[in-house]
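All chains are identified by letter, namely A, B and C, in their written order; residue positions are counted from 1 within each chain.
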Amino acid sequence: MSVIATEKFQVITNALQALREQKPLVVNITNYVVMNNTANALLAIGASPIMAHSRQEMAEMMSFSGALVINIGTLDSQWIPRMIYAVEQANLNNKVVVLDPVGCGASTLRTETSRQIAALANDLIIRANASEIIALAGETAQSKGVDSLDSSEAAVDAARYLTETYHCNVVISGEVDYIINAENEVTLHNGHVMMPNITGMGCSLSALTGAFAAIGEKTGLAAAAILGVAGEIAAEQSAGPGSLQMNLLDVLYQLDADAINTRLKMTVK
Amino acid sequence: MSVIATEKFQVITNALQALREQKPLVVNITNYVVMNNTANALLAIGASPIMAHSRQEMAEMMSFSGALVINIGTLDSQWIPRMIYAVEQANLNNKVVVLDPVGCGASTLRTETSRQIAALANDLIIRANASEIIALAGETAQSKGVDSLDSSEAAVDAARYLTETYHCNVVISGEVDYIINAENEVTLHNGHVMMPNITGMGCSLSALTGAFAAIGEKTGLAAAAILGVAGEIAAEQSAGPGSLQMNLLDVLYQLDADAINTRLKMTVK
Amino acid sequence: MSVIATEKFQVITNALQALREQKPLVVNITNYVVMNNTANALLAIGASPIMAHSRQEMAEMMSFSGALVINIGTLDSQWIPRMIYAVEQANLNNKVVVLDPVGCGASTLRTETSRQIAALANDLIIRANASEIIALAGETAQSKGVDSLDSSEAAVDAARYLTETYHCNVVISGEVDYIINAENEVTLHNGHVMMPNITGMGCSLSALTGAFAAIGEKTGLAAAAILGVAGEIAAEQSAGPGSLQMNLLDVLYQLDADAINTRLKMTVK
């Protein structure tokens, strides 16, 4: 590994160790489909999920939590003001916000809400697939529902535009993951073709991104590297997506620096 | 196999191939309990689930999707107008609607809402258990919560009444599945006694019915045959309902024409 | 075993047999995160889950169901009146209410709502972790989100206070479970350290407590003993929390008096 790659590897494994020691609380306002997976992914890696959305308790929840994850997967007019209020509370408490703009580009509602949240959060990480990143940046996306039709590479310029517009870090996930911020770009080449056959894999990545941000790793690198490696190991043990969903939690629970070291395929620009 | 059974078998395997090639988008307004299962069953067979319910985006969603699945499992006064509006958008876009009237007969709210949706949809498939079919048709059902106490056979007359009243196709699922429409009746004898020990098996069947309808197989036969065969294979590999839930997704993902051919127990009237 | 321990063991195994014969209907108003697990845990043990919350059907639902489980895990101002109305219907129909005050102490909203429901229910069982029990009783709890920081033992005085204040039975779950009521106290020492690494284990215990209450076992003992033993067996077969979640349903499905007899670690005061 190059010096800078070795340094990045250290960032990842140190973050994993810190997360397991600190067990950060992560508030999730996420969609109905993946709430269970998201909570379980956070528990499996060693974090403490809080699934809460009421404005009557959000100020309290954000005061003692480490990060906020906003996922718009099952959006409606009732959830939007809850999300906005939660981001405001995160801002007041200087907590990082992870935005997962599920289906951005598939409807005007999703595109506009994603931009509203991105503009509001003071300390922001955006985690999305290529179609969503392109749509969020305002280009014409080839969106097909909530799945991405574009390769991650096609979204890199859009992601750079987002980092400048919202002063944020961006993670484009896909066959190749791009970790993009003002300083540098990292690409990750782990994962498995079976991973998109489970719902909520991207949502789990956003949740883990929040957990690592809560202990200070705000680039999104540690979460993407760890989920990529864990997904790859889990998929190799799995006959199909049902097994993969189960094995992924087991592998996240067991994962150590050695497994990351053996598997990680990373390039740094 | 008889000539007509061979023809039906071809319908099923051709539909599976077409679904995997076309990866149809299916919009689901379903209950909180099974959203994750439903999305995963659709992904496992090869379709693309969209879980969306807001009226602010439903016109857009139905314009590029192939079918709408409405499941009333966790019904309330807030969800009913969302369902109605979605069916109207499906009608405007000439898309098929699958209605899963969960617990029809267990409460007046469910019975009346089911009839309202059935009457509204232009191109309708009803997928339900015997109790729900009987209640929907207005006879006295021996409903016990959301599970069926009646055998599928007891609901055949009610199902025929529904096909005439709503100009729809009907699938009665149970130990024996009945595929009923104006032309003919098919019975399927696959499945396993352990299948009712997982929540949402019927909901998954309704979702798959929507996916096959989206590629033109609107009788409900392909979905019922495939879930029956897949459930049977999965249950034989399973020590209990937890394993069955996992194995079912693996088997749906792997299923091919050979497995269907070997297993399918079908009679055509 | 002592005479009284033998008697308690009989209570547990008789309750399991009665539950499987009677398949009681249990209405659950629970949180979005665990609805699927809760329904599956009830099905696996042999009960019939109804997940319903609308006031338009709750009077009907409670008239033919055996118990009501209220879980405040994803609480908001819309769900509170639904919960209150359901408890009123349970009271009118002389049905037991199980309260799971998830995150009680973590926000004023949760603490006050928990107390309101506890005060309203005529026939009440409270099932919670130590932090929640302490907060519900009004002492200063060391709450950290929805997980417990306190040992079950630390909550015993608070639990006694609750049994007197609300004339209820209390189950404190944790490394040691306490079954507390006016007559006696039982402690259970089963379970496994991996169990808190899945979301909703406590929620499943509350649901099972409702199922056993529906067939007349209202102390909470049978549910806690059975989930403790089943979780222990399942965890020993599991490489991580993903497998544990699956195996737990399989073990609940298969569990018999012999397995309980071999494993149960119970002390009676």
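We adopt the following convention: a residue touches a chain if its C-beta (ideal position, glycine included) is under 8 Å from a C-beta of that chain, and two chains touch if they have at least 3 such contacts.
Just so you know, these numbers come straight off a predicted model, no measurement behind them.
**Q** Shared numbers divided by all numbers used: is that above or below half for subunit A and subunit B, i.e. same or different?
**A** Mostly different residues: under half of the interface numbers shared.
**Q** Since subunit A and subunit C are copies of the same chain sequence, what is the angle of the rotation superposing the Cα atoms of one on the other, rounded to the nearest 5°?
**A** My answer is 120 degrees for the C-alpha fit.
**Q** Rounded to the nearest whole Å, what is the centre-to-centre distance of subunit A and subunit B, using the mean of the C-alpha atoms as each centre?
**A** About 33 Å, centre to centre.
**Q** Among the residues of subunit A, which ones contact at least 2 other chains?
**A** Where subunit A meets two or more other chains at a single residue, that happens at 32, 36, 245-246.
**Q** Provide the residue numbers of subunit B that touch subunit A in the complex, in ascending order.
**A** Where subunit B meets subunit A, its residues are 25, 32, 35-36, 39-40, 43-44, 48-54, 56-57, 60-61, 64-65, 245-254.
**Q** Please name which positions on subunit B make contact with subunit C in the complex.
**A** Within the complex, subunit B contacts subunit C at residues 31-34, 36-37, 73-77, 103, 106-110, 144-147, 196-200, 238-243, 245-246.
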